[in-house]
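There are two complexes below, and they share chain A, which is joined by chain B in the first and by chain C in the second.
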Partner chain A sequence: MHSKSKVIWIDGVSCYGCSHSFYNYPEIKELLEKIELIYHPLLPSNEFKFQRCDILIIEGAIKNNFLRLDFDLIELISKLINLSKKIILIGTCSVYGGIFGEGVLFNKENKGKFFKYKDKIISIPGCPPHPEWIAYAIEMILNKKRLILDKENRPKEIFSYTSHMGCVRNEYFEWKIDAKNFGEKEGCLFYEQGCQGPYTHSSCNKILWNEVNSKPRAGTPCFGCTEKTFPKKNLFKTETFMGIPANIPLGVSKRAYLTLAGVAKSLKNERLERKLIDDSE
Partner chain B sequence: MIVNKKIITKIEGEATLKLYKKNEIIEFAQIEFWQYRGIEEFLKNRHYLDACVINPRVCGICGHSHLIATAKAIEDALNIEITEKAKILREITLGLEIIQNHIKWFYLTLYPTIKKIDFFKAFEFSKEIAKIIAIIAGQFPHNSYAIPGGVTCDLTNLDILKIKNSLKKMFDKYQNVIDIKGDSKDLENLFNGISKELGKSINKFLVLGDNLYFKSNGDVEFVKEEQSISFNKNVLYKDEFVEVGPLARNLNNKLIKVIYNSYKDSIYTRIFARIYEVNLIFKYLLKIIDEININEKSYIKPKNCSGTGIGIVEAPRGSLIHKVEIENEKIKNYEIIVPTQFNLSNGTKNKPSAAQASLMNENEKFADFIFKCFDICAICVSH
Partner chain C sequence: MSKEEKKLEIMKTALNLFAKNGFYNTTIADIAREMGMSVGNMYNYFPSKESLAKELLIYTSKLFGEELKKINEMDISSKEKIKKIVELYFKMAKEEPELVDYFMRVYLSNKEIFANGCEGMLCVSAFVTEIMIFFEEGVRRKELKNQDFFAAFGLFMGYLGGLVFLFREGILGKDIEEYTNSVSENIYNALKI
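Here is the complex of A and B:
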């Protein structure tokens, strides 16, 4: 019988949101039974000790002069990286730094302290990452399947989508109808409320959160939490340039976007100009 | 006297517990948190709405309480009233966060200190509870649907129906953990061979929040922070250490009162109050969900742009305080006091905090159990 893959899940400077997100994975029990979880900061496991492992999962950012398990955090991570075959960075903190410090692979836009280990790293950013993304990365390694990664080591099967894809407010985006206010079903949050969906790599609106919803569906803008820029300033306000959003959808030239927006705006969609649900006929 | 220093893990974050003992009996205990993440500094000069995204990231398990406290603090600062509908929705999501927290704590954190248990039980609840939060708030953990002025969602009756059905289902299922009469096989099994008198504490209770069915018994004006031996500051109320949390805010419940009268503030009473509170919250949520008027506005745009305010909520672990100073829509100052600071302050042998007192004069083999019965959130402390 071949032995189970050994997994160490270590925490840097974090809020444990990645762990709590993972707990919502519907098949968590089946997945954890497939591996030998040697250490996890919250789940029952043995006391921490340095040892070889097949998969190292890192949650949280790195930072100088920060103690973890009585070790200097950066020395701890460095030792563990050298003892592991594959590394999954989960969460924006761990990939890029996020709110709390530097990432393992990147420090925001720049190369991070452990960039030289890029070949054995898989990036699963998100604040938090979706539980299915974490499980997917683990399963792909367990099953020895090839992952197609982008240049920031994010699996394309997840991160080639934008969080805009699948948003229920897409019709409003098509016809350039902005939300007049928060707290309403109608309107797209891209024009005023700061939604970063059209240029954020993630599949939030494709696979949905907790199997039922997403932030934009609940009227909250996408904050681009899977990106190296997270959290930018003025998260609830769209930065504009000459009256149009300064950041436009991925893959479109500014000119093409302006032309399309102008045409869509001039051809009114009367149905969408009204409230979706009222007593009118 | 022997001093034993131990790093406590499997709490949200890490702490050091220093036990001063004679033979096996703990004479005194000190608790140290040594981490700092700098959230309050991070908020400075940002637009106040950014706090609704940053602050939930204080904590992965109780971040929603931080969100609601943030919204309330800003609303207090800018003189904002919100609709009944928005209030009820916030009560539901906050109540649900408390529920998932307690169930995870019971099976994942507390139980393993004494006995082996199928901890996946916790997830059978928590992932369904998270799903109900997500219907309202978009996702869990880390949503930002409560903003100063109300909530971002605009639910339909289909959503309300789904929420109600799920609430009922989860409430029924929870009867297997502890039923409404207070019977719990898992709790009795946990205390099998352990005295229910274990870990009595200071017997002083404080409730500052008035969300859900909780009633405040104090005034935030008397809450003071002071330097301590560790990174975190001590928190006192009228110069005394107090206990906050589920036991404090449920002492007016008949059933909990009966247990309190028998065992005082032992860890049995504390644990009972915490897991029984889940039933009381479920009942309350099932009542208020019928009071939602879907036609009310979800959000009213704030008018003012400067002011100072305080937001208090009863979070999973007790009273959580956020203070904000806003100038021209920008955050000038932000301050957070978390429940764990109240319960785990570092007092002296003569004037111990709640957690210290409950450890004193007990056998060290129970140290982990007693310590964790306070449901420590080190990560909140190191905001």
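Here is the complex of A and C:
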């Protein structure tokens, strides 16, 4: 029997939301049994010391002159990266900077301090990332499976989707029917309520949260929390230029999108104009 | 002549007749006579006068849309684009008055003809889409004020339409193209940030 993979999980500038998300992984016990967790800031583990590991997990953003485990955070990460075979960046802060500033691989839209280690990095953005996504990355490495990554090192299996895909409001999007309020079953949240689903890479509507729901399904807009542009302002309001959405669905030209939207809006789907559930027969 | 070319000929002939005499005062027989075709043969091209009117609307909207697209793709400021659009509109009113007459005297005045198949923006989307792109890019470039689309659209197109209407009625004191500068300036002042 060969030894378990050694894992070090360290925290940069973090709220620990990513760790807490991971705790909700239904098979966390089984997963933790498969690895040797050398260090984790919150879970029971040994005192931190520098050593070689198979997987380094980094949660949180980086910052100059920031002490962590009695070391300068940047130095700490530099040393650990060199001692690790693979690195998983967990959360948008760690990948792009997110809420707290500067990421490990990217600094928002630019290359980050540790970009040169790109070849051994896997990005799992999200605020927080779904526990299944975190577990997926770990399991793939443990099982020596090949992860197909995109240009920003995100596994395509998870991030080639948009959070729009699988949304139960897709029919309302097709017919350009807006949701007038939050929490209603009817209407799409893209036109007025700020939903960023059509241009956000994530599988939130494929791998559901708590195995039951997603923000847009429940009637709250997608905040685009997996993207390098996160967080934006006015998350509950769609940014428009002269009434036209400033951000349009991925992969389509503005001209094509506006043409299609105009056609859909001119025609009416009477079924969708009504409440889904009412007293009429 | 291919069937498509023939269709276009019929549309151009119908356009002139509709613009001159109105939709209801023009019959398929009138169009056929002008074309030197039999009425029966006309129906091989268009199943009804309404469908002919509808295709004409799509055709004129596309024609105008294509010209607007060229302006949208120019690397110039919104202010300069406004002037180009005004120039284009006034030039069309002068050189191809039947296009403008058709739009104003047939489409806008007889919406019932277009109720089936041209709902909302369906038949004019080529042109409206380009106006949307012009506005959207103007706001994105921080040259135009961010406001409701139709508030801006009505101001721009309503103003131009009004001027062209006066021109076609023979009321304008000067040639319509002499109004290009002042009208462009007014539109820009109303839309600028």
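To be clear about the criterion, the second predicted complex is superposed on the first by the 280 of 281 C-alpha atoms of A that agree within 3 Å, B and C clash if a C-alpha of one lies under 4 Å from a C-alpha of the other, contacts with A are read in each partner's own complex, and residues count from 1 in each chain.
The rule we apply is simple: a contact is a pair of C-beta atoms (placed from the backbone, for glycine too) under 8 Å apart; a residue touches a chain by one contact, two chains touch by 3 or more.
The structure presented is a predicted model; accordingly, all values stated were derived computationally and were not measured.
> Which one hits more chain A residues, chain B or chain C?
After superposition, B is the partner touching more of chain A.
> Applying the touch criterion given at the start, work out whether A:243 contacts chain B, chain C, both or neither, answering first, second, both or neither.
The answer is second: A:243 touches chain C but not chain B.
> Return first, second, both or neither, reflecting whether A:212 touches chain B, chain C, both chains, or no partner chain.
first
> Looking at the overlay, does A:254 come into contact with chain B only (first), chain C only (second), both, or neither?
second
> Quick one: classify A:5 as touching chain B (first), chain C (second), both or neither.
In the superposition, A:5 touches no partner, neither chain B nor chain C.
> Check the residue A:266 against both partner chains and state whether it touches chain B (first), chain C (second), both, or neither.
Only chain C; A:266 stays clear of chain B.
> Taking the stated contact definition, name every residue in chain A that is touched by chain B in one complex and by chain C in the other, in rising order.
Common to the two interfaces on chain A: nothing.
> Under the definition above, what is the set of chain B residues touching chain A in their complex?
7, 9-10, 12-14, 34-35, 37-39, 42, 46-47, 49-50, 52-54, 57-61, 63, 86, 104, 108-109, 112, 119-120, 122-123, 126-127, 130-131, 133-145, 147, 149-154, 156, 297-299, 301, 379
> Of all residues in chain A, which touch chain B in the complex?
Those in contact with chain B are residues 13-21, 23-26, 28-29, 41-44, 48, 66-70, 99-100, 127-128, 181-185, 204, 209-220, 223, 225, 231, 233-237, 277.
> Please name which positions on chain C make contact with chain A in the complex.
69, 119-122, 125-126, 128-130, 132-133, 135-140, 144, 146-150, 152
> Can you tell me which positions in chain A touch chain C when the two form their complex?
That would be residues 240-244, 246, 254-255, 258-259, 262-263, 265-268 of chain A.
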